[in-house]
Amino acid sequence: MQEELQFGFPILSFLIFFPFLGALVIWGFKDLDLLKKATLGIAGLELLVSALMLLRFVPETAAMQFSEHASWIPPLGISYHLAVDGVSVLFVGLTAFLTVLLVLYAWDTVTTRQKEFYMSILALEATVMGIFASIDLIVFFVFWELMLIPSYFLIKLWGPGEHRQYAALKYVLYTLLGSVFMLVGFALLSLHHFDVKQVYSFDLLDLMSIPIPLGQQLLIFWFIFLGLAFKAPIVPFHSWLPDALTQGPIPMSVMLAGLKMGTYGFLRFSFPLLPDASRDSTVVGILMVLGLAAIVYGAIVAIIQPDFRRLLVFSSISHLGFVVIGMFALNFQGIQGSLITMINLGFSTAGLFFLAGFMWERLGHTDVRQCSGLAKKMPQLAIYFLIIGMASIGLPGTNGFIGEFLILLGAFQAWWVYGAIAVTGVIFAAAYFLWFYERAIFGPLKDTIPAAIKDLNTREWVIGLALSAMIFWIGIYPSPFLRMMNGSVQALVDRVSPGTTMAQQNMAHLTPDRYRN
Amino acid sequence: MGDYALLIILFAPFLGATALVFIPRREELLVRLTAAVSSGIALLASFYIFFAYDTAKGGYQFVQRFSWSDELGIALYLGVDGIGGPLVFASAILLFAGVFVSWHIADRTKEFYIFLLILAAATIGVFMSLDLFFLYFFYEMSVLPMYLLLGMWGSHTKGYLSMTDPEGLKLRDSVGFIFNFGSNSKEYAAMKLTLFLSAGAVVALMGILLIYHFSGLHTFDIVVLREKAHFTGPLATVIWFLIFFGFASIAPIWPLHSWSPVGHAAAPAATSMLHAGVLMKLGHFSIIRVGYEILPETTREWIFVAAILCVFSIIYGGLVSYFAKDTKYVIGYSSSSHMGYIFLGMAALDYISLTGAVIYMFAHALATSMLFAMAGWVYDQTHSRDIPSLGGLVERMPFIAGAFIIGCMASIGMPGTVNFIAEVMIILGSWQKYPFQVVVAVFGIVLTLAYLFKMMRGLFYGQLDPHYAHTSDAKHWVDRMPLLLLIACSIILGIFPGHFLEVVGSTVAPMLERINHVAPLITQNTQGLLH
Amino acid sequence: MMTFDLNLSSSDLLLLMPEIFLTLWLCVVLCLDFSLKRITHQQLAYLSIGGLGMTGLMLVGFDVSGITGALFKNMFVLDHLALFFKILIVLATALVLFISIDYVRDFRFFRGEYYCMVVMSAIGMMFMASSNDLLSVFVTLEFSTFGFYVLVAYLRDDMRSSEAGLKFFILGVFAAGLLAYGISLVYGETGTLIFSEMAGNPGSYGLAIGFILIFAALGFKIGAVPFHSWIPDTYQGAPTPVTAFLSIAPKGAALAILIRMFYVALATFKPMWVILFVIASIVSMTYGNVVAIAQKNIKRLLAYSGIAQIGNVMIGLAAGTKQGSDAIMFYLLTYLFANLGAFAVIIAVGQFIKSDEIEDYNGLNRRSPFLAASMLLFLLSLAGVPPLAGFIGKLYLFVAAMEQELYTLLIVGLVNIVISMYYYLIVVKKMYINEPTDPTPIVASTPIKVAVCVGIVGTLVLGIYPGPFIDWAVNATLMFSNIVGPVAAIPISSPGG
Amino acid sequence: MMWLLFGYFATVSIVAGVLTVSLRNAVHCSLALLTLLLHMAGLFVLLNSEFLAMVQIIVYAGAILILYLFVLMLLSLKTEEQHLHKKYAFMVFGGMFIFVELLIFLLQSPFGGKKGEATPEVILQTDHSHAIGLTMFSDYLLLFEIVGIFLLGAVIGAIVLTKAPTKPENGHSTSTAIS
Amino acid sequence: MAIQQVRQFPNDPTTMIPLSAYVFVSAVLFMTGLIGVLVRRNFIIVLMSVEIMLNAANINLVAFSHYLDSLAGQLAALFIIAIAAGEAAVGLAIIIVVFRGKMATNVDEINILKW
């Protein structure tokens, strides 16, 4: 995991800055049609490049790949350090993938301030890429915060809800509040590095090489936890999510629900940097309880939601509970499961949001009570609903099954009770989705549904198809994805699983090369 | 340019002001262009010194020395180090931006630009003076134009007490009574500001004279005093405190701060920008220049005072900002609160934190002036600064709203802006020495977040009062340029801080070396006895 | 055997040339006024200014070429100190004549005599600057002052002017009485009237009382507290050019005497008179500044500010060193430009709006930007704001006090800067911030503009490049260089001893 | 003999002085002042200064005092009801106190200044007026000249202040200086 | 007669009047004048009181001149008399002006200006 593999071309920087540049370029565009095509082209190229990266990625290793390193703020030891490993590489691809779909989705659904919209989308893509690609804590933090700006505008300016401004502000404030704590956690880490090595450093690899006493690890853990928990969001910190996802526009909801940056942060930073704290029984206990609470709470609340989007919000919270459970099971299956689940949610939950968007386009609302018998009017929509919904429930053959299965396996390994409670979440999920499906898609055609309603057009059809394809690919042949993760996950497990000894014992060989001499 | 860069920066605004005196007042465009050109020249030259500063060499560069009065040992001795250079740069940026922000001032345009240029030139003068006399000279000179700028082009404040506030919270009333009694007229604000600053200045002057006298060197030359003057015992303490509190009153540190928000609130936009942006930094800068350079041992001994007071600054300023209803009060008190960070960074006497403090001075200059510029724009359009009565302005002025948000982000310390780097450095660097203060500072960041967003929401979202339906956005390039300039500077330096850090570090490192590692004077004296 | 000798050579007469020339010129002007019906008062004014200009050039020539000397058994000395003050006085007089021209136009009669009286007072003050003995002090002091009695009461139809003249006169002659008695006591104690011969005399009560009385009389002239009571009334009542004249020239001349007297005659008693000056300085500064705050009339305001400025000047005397006297002289120079300039503006405004109330200065900036801006400069210079002359002057004084470790004085002085800032700023506020009630533009006449411009140039030049002027002051007092250093420690001898 | 004369002159001077200050009627005051001045001349004579005594009588008593009297008559002042400042009355006590102090200090003072060359013998030889004259026109020549200009100025000043000149507008001469 | 006597026995201690006697007289007169200036309301009498003060100075000067064998004192007294004459002229002129305008010569009645 601590090896670094260089790549001739600064592919990660390209992935980060190409959308930025693209956003600047389209600023100059006047023709809206050209604008859309250009945006699609940019997003497509980005997807191509990230696919190329995935192809060149060396699987089954913990090494940091495509590493780029440049000094940024030398006195503080902050450097522009980008790299991906098994934990993050798939997120990069997922981001590029979702962005293309978003652009397609927005093609003629977004009618106001189109230029700004596409600029925001590209900027958002760039910052999210930055989050997944950076392994310097501060650089990570920078992108973490920068991401707020485009998302803020997206929610505020293109949100369909009445309270979109409130939602936008709430989202930004909550995240900022959390990130202040996270920054403190990072700062404490760096200070500790200073104590040991007499220099500051925010580099993940440097920080991993120093031993940190348990007490401090715990303190730092909770600081970082706050930052991540607000973003994830883990249950008591989730109150911004319903607002942001229902008041914001569909593209924003897709990004927020599809890309689990908060839980990614645990795997990226908390586990490797604070292994002792991460396996501390109190921490694990609390996190498990929170995860289970999220599963159950999210699922129950989801059941009673009359609005499809709100339903999706709480289902997303519930799924996040699974991810947490899997992570803190602290075994290979659990962590791998939660990682693949995070990816899966990018297809399933995001996909459901797309579908909700399609509904919204046609009906002007997503209220279950108002619609019934959609299948009669829109069979294609119903099919995609079924496919993606099944993935969300975790039906075998879809990607959801792989993830949830691995998580439950891990949870049962950790303690059977966790597994037992978590299983209820699966049942609930089936319940709320199927109930919704039954009510909205089947049943008699209600007269609230306009007669002239049309089925999916080509563009929407492509979106659905792409998502379905991914769902089935992972569901049926997951091994390419799992292989990419294996090395890193194994390294993580080595570091945090209760069986291993103190991390510092491994220090000698964990120390990166550039500090050896 | 080279060696004469400092002279150009210093005298371009002065000459601009002189030229303005002779331009007929009818020629308003010519007046504005003259101001713009002279400030533009200063900006270019300061750009040059900022980037041409030789970080490997360090120390004072671009030095110019003209004997002024041998009788008193005074020379016009100019030079910048890694602290003065960036601040000169910041002043020039703000001046240039300020000229454009004030482009639409129609009442007595000529006088306005004359005073603005003098104010900026004097401020720049302080940052490049290597002579105590001229330091004080420019320092005092910068105070007076403020008075007129505030008085003539300022606006009355209703005060945050009497603003729309049906509940009438008790805290606010008592706070106001203690710290802001008196009228809320612009005259009051101007007078309060001037008298406070003059009082601070004379206290500092006392300290300067004591240095002059007791050094026995018969010179005001900082470089010479730094090398040769040694102050010990109670005398050094007295001098240090005079210098510290004299200059801290402009900074402003907590118990001496009450002039500042009132002044900010009353001042026209460009003045607030310069005021909050660079004038307040005169205090920190002078404490570093005089206190740290000439009295290193005493600084080491007593600087904890700053660390104590900064807690009050941060908390008090933050709380009042949170409760204030006037945009400029919010920004003003937020500045006052943020000054606490600089003091914290200075107090820790740590390489990282002091570097952070210097960068923070620069960063805060850009961020706060952005906010003031936009608050000024909103005020010009709506003639109101009362947050509760405003709202929904985003519909009328999307550009301003967007820029305002970026300004708020910068002020909070959003990554990607130079503020972020500064904040992180201050927090990290002072953790070892002042953990409690760091905790307070972090709390302060959260508070900043809260009140700036509260203000933003109040101004731009919600229901648009039909009364303000006629307001317009900044559409012309003249109006947008200053904001974009400030934003661009903040972000570019935030992303590429390398040179900046080297510039500051090249000065801070030897300075701290001196402060932290000079042998205590007692041993020096005994050594003297032994030899 | 007693000898009487009067061997005045032509070279001795040269030393008296400036005064002789000016006196003759004065007589010529007077005769022209009497004999030529058609001569206008402007022409007379310019003639007088011409004479003053030539005198000034002569003095500068003396100063540059080092023509100095003493006449009449050291009773009349023409050293660089005297030359400095004479140039100061001539400059002040010339400026006063400039600002008078507009004012005199409104006199109903005796326009020409006005210039004569001004120049005559100037001659008296020039003699004062040279006088080196107590009798000359008395005579020249009265000579210069009686001109002022007349000038102050010159507006015969204006009761305020007459009343001011009367008050000034009463207090003036009262001071003369004190001075005469003081002189007599000093004479009794020392047996001589000449300063340089008094030096080193043992102290006694008679001497102390004598010098205190003399100090009191000179205190009247310079308007130091507690001898200031005539100042506000006289300043307010007198014709404004006369007020301007009063505010600088007699103070300069009296300070020349004070410097000579205390530095030469009383050098041995420095510890005693330093205390005297410290107290007088503190009281004057504080009183002047505090009372000035409440003033509603600009002339009264400047009167109280003048009291405070004299307090500042006495800081230099309290230092009692060469540096102190240099600082005083430089300060007077700065004060000359700022104060005369301010009065010039007051005249310009007063001629137009017929009022000296501060209220009526509202919005002056809109009515006449030039006058407002110059007033601003002058007031700020008086307050001591860089880069104006007053700042350098004050700093120099403070440095001098600092060298003598007079910290109390220093602190009070610094605090007073802030207080004074307040009331000067009130005027600034009226001029710049308030809106005018009557927006008609105010136009200043050319001579006043000239005077104002001279004031501005002086204020700026002295502030920005004071080096040569400081050097000038320094060179003028080279003879005092011996009293720099430790305070003289000769105690007063026991009474009767 | 000397003591007697001195006693007489001194006593009368002091009494006349006190009367000058305290009498109600201004004309009476001026007469008391006249007495004072005349007896002062007597004291001068006792001090070997006949010239000064003459000047005292001629100039002071003869010219100045007469001027005072003229003015008093001209103004035809009525006797005042209240001729003293009531509010400054306390000053008298203060003044008395200061006076006693002053007197004590003055009487303690030696007044032993440097002896000059003009001993009585010298003056006897040259004659007093002669000596005074020579001194005045040698050492004090400049002051003498200054006093000359001073008196010229005084004349001009007095005219300027009191004389109502021919008005340029109508050419009529107004009658007297004093209405 | 008296003059001759004095001249012949100028320094005879028996007939010599001590200097302090003159000083005493002059001091008494000086204080009288001083008090007169301070308490009298009539300007003319105030002027007269000043004359008394000047005379007191003159006595001193002449006495010292006599006892110190120096002519300077007498000359000083002479000049003081001359100056007093000039001042009296100007002063009375001013009083006349004021009287004409105000018909009063009292300090208290002259009160357009604040004291």
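Letters are used for the chains, namely A, B, C, D and E, taken in the order the chains are written, and counting of residues starts over at 1 for each.
Here is the rule we use: a residue touches a chain if its C-beta (ideal position, glycine included) is under 8 Å from a C-beta of that chain, and two chains touch if they have at least 3 such contacts.
Just so it is clear, the model here is predicted, and its values are computed rather than measured.
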Practice prompt. Go through the assembly and pull out the chains touching chain A as well as chain B.
Written response: none
Worksheet entry | Interface with the most contact pairs, given as the two chains involved | D-E
Response to the item:
Between chain C and chain D, the Cα-mean centres are separated in Å by 29
Practice prompt. Would you mind pulling out the distance in Å between where the CA atoms of chain B average out and where those of chain E do?
Written response: 67
Worksheet item: Can you give the whole-Å distance between the Cα centres of chain B and chain C?
Response: 42
Worksheet item: Hey, how far is the Cα centre of chain A from the one of chain D, in Å?
Response: 110
Fill in: For chain D, residues contacting two or more additional chains
102, 106, 109, 111, 113-118, 131, 135, 139-140, 143, 147, 150, 153-154, 157, 161
Worksheet item: Which residue numbers or ranges of chain E touch two or more of the other chains?
Response: 19, 23, 33-34, 47, 58, 63-65, 68, 70, 72, 75, 79, 83, 86-87, 90, 94-95, 97
Discussion item. I need the residues of chain B touching at least two other chains; which ones are they?
Written reply: none
Practice prompt. Please list, in label order, each pair of chains that touches.
Written response: A-B, B-C, C-D, C-E, D-E
Discussion item. Per the contact definition, I'd like the list of chain D residues that touch chain E in the complex.
Written reply: 1-3, 5-6, 10, 13-14, 17-18, 20-21, 26, 29-30, 33, 36-37, 40, 43-52, 55-56, 59-60, 63-64, 67-68, 71-72, 74-75, 77, 80, 82-85, 88-89, 91-92, 95-96, 98-99, 102-103, 106-107, 109, 111, 113-120, 124, 131-132, 135-136, 139-140, 143, 147, 150-151, 153-155, 157-158, 161-162, 177-179
Worksheet item: Any idea which chain C residues touch chain D in the complex?
Response: 1-6, 8, 16, 23, 30, 71-73, 75-76, 108-110, 113, 116-117, 120, 123-124, 127, 135-136, 139-140, 142-143, 146-147, 149-150, 153-154, 156, 185, 187-192, 197, 204-207, 209, 495-497
Worksheet item: For the complex, which residues does chain B have touching chain C?
Response: 21, 25, 67-72, 108, 111, 133, 136-138, 140-141, 143-144, 147-148, 151-152, 186-187, 190-191, 194-195, 198-199, 202-203, 205-206, 209-210, 212-213
Discussion item. Which stretch or stretches of chain B touch chain A in the complex?
Written reply: 351-352, 355, 402, 405-406, 409, 412, 414-416, 420-421, 424-425, 427-428, 431-432, 442, 445-446, 449-450, 453, 456-457, 461-462, 497-498, 501, 505
Fill in: Partner chain E, residues of chain C touching it in the complex
134-135, 138-139, 142, 146, 149-150, 153, 156-157, 159-160, 162-167, 169-170, 173-174, 176-178, 180-181, 183-185, 187-188, 191-193, 229, 232-233, 236-237
